[in-house]
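Each of the two complexes below includes subunit A, the first together with subunit B, the second together with subunit C.
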Partner chain A sequence: MAAAAPVAPPARRAAAAPAPSWRRRVFGEHPSAWLFILPSTLLILGFNFLPMAWAFLLSLQRSDLVTPAEWIGLDNYRALLRDPTFGDAVQHTLVYTALFVPLSVIGGLAIALMLNRRIRFIGVYRTLVFVPFIMSAAAQGVLFSFILDPQYGLANAALDGVGIARQGFLQDPGQALYVLVGIGLWGGLGFCVIVFLAALQDIPRELLEAASIDGARRWATLRKIVLPSLRPVTIFLLVWQTFQALQLFDLVYATSRGGPLGATTVVVYYVYEQAFQFFHAGYGSAAAYVLALAIFALGGTQLAVRALRRRRAVA
Partner chain B sequence: MTLRRLPFSPWHLVLAPLALLFAAPLIWLFLTSFMSNAQINQFPPTIIPDALHLTGYDYVLSNGLFPRWFLNSAIVSAAAVASNLVLCSLAAYAFARMRFRGSNVVFGLMLTTLVIPFQLTMIPTFLIMKELGLIDSLGALIVPGLVSAFGIFLLRQFFVSLPRELEEAARIDGCSRLTVLVKIVLPLARPALTTLAVLTFLTVWNDLTWPLIAISSDENYTLQLGLTTFQGQHRTEWAAVMAGDVLTTLPVLIAFLLAQRTFIQSLTSSAVKG
Partner chain C sequence: MRRLLIAVAATALLAFAGCGSSDDDGGSGADGGPVEVTFWHGQNDIMKDAYDTLVDEFNASHPDVKVDANSGGVLADEMLTKLTAGLAGGAYPDVAYVFGSDLANIARSDKVQDLTEAVRDPAWQWDDFFAGEREAATVEGRVRAVPALADNLGIIYDKRLFDAAGEPYPDADWTWDDFRATAKRLTDEDKGQFGFSWPGAGGEDTTWRLWPMLWQQGGEILSPDGRTVAFDSPEGVAALELVGEMATEDKSIFVDSDPNGERAIRLFQGGKLAMVEAGPWILPDVIDARVDYGTQRLPGFDGDHTTISGSDNWVLFDNGDERARAAQEFVQWLTARRQDLALVRALQTLPLRASTAASPQYRRLAAQIPGTDVFAAALDTARARPSLQVYPEISKNVGEAVVAVLLGRADAQEALEAAAQRSDALLAGAGAGG
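The block that comes next holds the complex of A and B.
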């Protein structure tokens, strides 16, 4: 990082002003800039790094937030490894992620390709596909609890209509997690679609026209020109959607509350339960750290890949 | 090909059902919110309200704390939007145009906070808010969201892309940095500011996790928290639950539709190019 380079005041200016004030020497050319960034810096760093360090200290303690905490080293982490409920939560999170991420990215790409044409009503189609994304997970959850209600819901009525057996949906332990994937896709596909659409519209026209002059078939154009130019945006979406999937919580709270029989207890829901319902702040923090490490590793990998690609592009 | 002879593009045959798939749950939500409970409990369900029943809306708006929750959500969101616009503009301008010691380090640290997941910081943030005596008050919901690193990043990208000449001329005329920011830069940055405002509004209005943790008395609930609780307590009042769901979603829907073009453009450009 070239952190120090732009900071030193240019020599010419220093010569023109014979005695540069000490403030300028300490704070750089525009010391007043610190006044501009100070409130934001304190708030952002204070509400991120301080809690992050605090959470780590908590994870090394047996703490219920009421009685004095006791230092227990890595015991919380060891206990997590042996805790079958946490194991299940990790598994549920992984299943959700493994389904949600590829389906939303591939589905988003397919829909974006279909929506990337100039026909009538295309603006309406695009808006309709995107609108569920702005609805809160709580509102989505409440709506789908109603639609999927085993007794009164529209979904079972529709299944009756076509002669398929009624389903338990969110109340069936074997289905609930997959139903959540479905609701997540309904609400989350739109984001992938608009990001892909923007990237598609960024592909230079000349490139596509050149291909059509060459007589390239549509499929070949897609494979040789369109998909490669979408690579950066696809990687971004894969990482972004994985972040979202690993942090699933609101939708679970608004629909199944981790049930039935723990079938939808994902990691963040587990952290919430431990910390705010059983008051195991230390244990909950350890669980949160396990998930956070996975997220940091993912973010780190993406940055490394990006840096590598940049270097290759320069060379 | 027979398809070619259609008076419209054959793509409509795929796209219309697809769009309907996304819209159908919302249409259904809207329709049921105008039904009576008797009609909702009918089996098999009917799609069109048999009359324009406002009983659901009447129930949520006159009974209980629903209007209060709406107001709480509005206060918290308005505070977050106003403060983000001010604080992010100030910081983003400094990062975009001023040279000062530590700028790269601080900006870098701010960007790293973007990958810190909320569930990692939520337990200590709860403790901090408790120390500050803000837990179970709207203050606890406002303070952690006063400014966002993503907002600073978004505005900085925009400010950097603006031409410097106007600003330099104003500086020569003796305007302070703050005057330049307020009088020249911000009016040019309307699209970016709109995006930041809509994005902040959406995030804060829609949040459930943090209010769930920070608030315990029901008169301080936000709409999202109230809605999920309300649904749990009024299982049979479907019309009211659906009316509540509509009222919860309507403000973000309006904000989005008003700012749709600007919003989608800047959101995607930071994803595509960032």
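The block that comes next holds the complex of A and C.
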């Protein structure tokens, strides 16, 4: 079959020889494909790209969304540079990301390795690990507000029980951000675990068997076979969790509203406050775009690194 | 981030789609039909039923106007965002329920009717609304709204906890020093019981409770010319110091970091909190939990017991002359004495009008819910917060100062001075950006 393909019947070759019709040039070989992707394309254009473009225009204006806007060029971006509250928000976001991403990926891997074996009730354990992930951030917020209440919460009662001083948790400006990292991990680990588990089960059994026949111990198998096979998934998770961390909002909204004393004001919460509480929609959009650029840059860097590696591998 | 862009986006889409009411589906009085008025009350449950009943009555008695009542698709908390989206897209209702502290920002729009001339018409009986309500409906000297709901702050206490501690119930002449001592005596750390609570999330809920304490001593939020803030005066510092000492020295204040202040209400319902500062809106929950409660007006400084009015408003929009006039006709009817009384009866709220409050019917109603008399009596003297566009930002600055002091992180004087400095910059127009 494969060998026969290049030898096309002469008649058909003759028909294809003239320049393709304009229709084919515009719509390609399979015009009906466009029909299939049209609905989702329109939705993505309408709900993602149009608003993003509009938000960019907004970021160049002094606008409260209610009265006529005024074009002010890059003034909003310049004001952001001088705004100490925005600086704090960026710093809080970076601290959160720097803690959340490695902890969730390493923790997720560790738990996945533990759950990737045949033991009794394994399905139950796997479900339990995943359950927090499907809980809404609002519900998580309410749950942890109860547990971490400095006066009446379970956490302090437990600390009391083992003789450790009571903590302020979300009410202590020095702890609140780290407490949020903890809550974020509780809710976000399940996703890493599931992805790693799937990847672990994709590792060909022959590889592992061959390794064990060659006398590899568990540690060597993990280092030489398991971890290298997990590399693509790990990179995906690192990037994905970074995006999640940079976009943190709902947890902050549900628990601390950026407080106490601004200790948990992250960039997206700052944007929300400026745009929807203080009527600085233009300024808020500018802040949102700074974050968007950071995310694009991160994604771009990752793609570039991958392309470079591939080229080196080919060479 | 992307979620935020999407939120901004949704606003844009609402604008393009022109959902909600639009110009072409109503207001056709000229060709014979009634003028349609879209009315967003932002309420559910019993509040919604009460408004629906009144709207039906209005429609039956006013054949030339047809009011279409609905919540607006949101509850009152989210009304500001919804209206902002509507205004950005040119599709907005004729009448909407707007929180007192949001009015100045909605009134940026010239689509919000200016009622200054209209309310001079004796049919409105404008001066019959309590002064605090009128002040709250006025922005930069112009009347931009009509009072919709009256509220003010007083103290609600749990009689059982007072009895258990052998503490006499507070009398109307109590001072803030009495209050502090009472709160301290009613605090019992071992039982997890607090004398008082203060919202610690740093929003307007944290801030507005400080204003009566400032006013009672003769202090003001703004300087007389309105160009700078004045809350960092000795009066403001004294007020905040008192609250701070209660929280950090007496440990009699439960700092409620819940963004909605729900935890304090639950503690009060559960008999773990002796006193809360709240308005009559809390009474249904308290009665529901079978708390044997009493109410008293706010403690005073030097015999002054001024409280703060938290009144909300009906904002009227301009969808063409005909609909604008019809909206006025409807709101005038809705806030007239007879309907005012009907709402008080249905919702156990406070009367909007002095004449309602003085009527024998109202006195009979008030007698059925113990404690409302305290709030009704304060309607006369309650003051409104300033209607300023930058008020939400000033409120945030002050709220953070209060939280810092409550948590023992800052000294009252320094915290208020820092808040004042940032607020002065806002008033001078040197805010963050556009």
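The rule is short, and it goes like this: the second predicted complex is superposed on the first by the 264 of 315 C-alpha atoms of A that agree within 3 Å, B and C clash if a C-alpha of one lies under 4 Å from a C-alpha of the other, contacts with A are read in each partner's own complex, and residues count from 1 in each chain.
We adopt the following convention: a contact is a pair of C-beta atoms (placed from the backbone, for glycine too) under 8 Å apart; a residue touches a chain by one contact, two chains touch by 3 or more.
This is a predicted model, so every value here is computed, not measured.
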Clash or fit, subunit B versus subunit C on superposed subunit A: clash
Touching partner for A:Ile44 - first (subunit B), second (subunit C), both, neither: first
Which superposed partner A:His30 touches (first subunit B, second subunit C, both, neither): first
A:Trp219 touches, of subunit B and subunit C: first, second, both or neither? neither
Touching partner for A:Gly262 - first (subunit B), second (subunit C), both, neither: second
Which of subunit B and subunit C A:Phe279 touches, first, second, both or neither: second
First, second, both or neither for A:Val124, with subunit B first and subunit C second: first
Partner, of subunit C and subunit B, that touches more residues belonging to subunit A: B
Which of subunit B and subunit C A:Tyr152 touches, first, second, both or neither: both
Residue range of subunit C overlapping subunit B upon superposition on chain A, of 27-35, 225-233 or 261-269: 261-269
Shared subunit A surface residues [contacts with subunit B and with subunit C]: 47-48, 50-52, 54-55, 58, 65, 145, 152, 246-247, 249, 253-254, 267-268, 271-272, 275-276, 281, 284-285, 288, 291-292, 295
Footprint of subunit A on subunit B - complex, ascending: 8-9, 11-12, 14-16, 18-20, 22-23, 25-26, 28-29, 32, 40-41, 43-45, 87-88, 90-91, 93-95, 98-106, 108-110, 113, 115-128, 144, 146-149, 152, 177, 202, 205-209, 212-213, 224-225, 227-228, 231, 238, 241-242, 244-245, 248-249, 252-253, 256-257, 260, 264-265, 267-269, 271-272
Subunit A residues within the subunit B interface of the complex: 1-3, 6-7, 26-34, 36-37, 39-41, 43-45, 47-52, 54-55, 58, 65, 111, 114-115, 117, 119-122, 124-125, 127-132, 134-139, 141-147, 152-154, 157, 160-161, 186, 189-190, 194-195, 197-199, 202, 232-233, 236-237, 240, 243, 246-247, 249-250, 253-254, 267-268, 271-272, 275-276, 281, 284-285, 288-289, 291-292, 295-296, 299
Touching residues on subunit A, where the partner in the complex is subunit C: 46-48, 50-52, 54-55, 58, 61-67, 69-70, 72, 75-76, 79-80, 83, 85-86, 145, 149, 151-152, 168, 170-173, 246-247, 249, 253-262, 267-268, 271-286, 288, 291-292, 295
Subunit C - residues contacting subunit A, complex: 1-13, 80-81, 84-85, 87-88, 105-106, 108-110, 192, 194, 200-203, 254-255, 257-259, 263, 267, 272, 389-390, 392-393, 396, 400, 403-404, 407, 409, 431-434
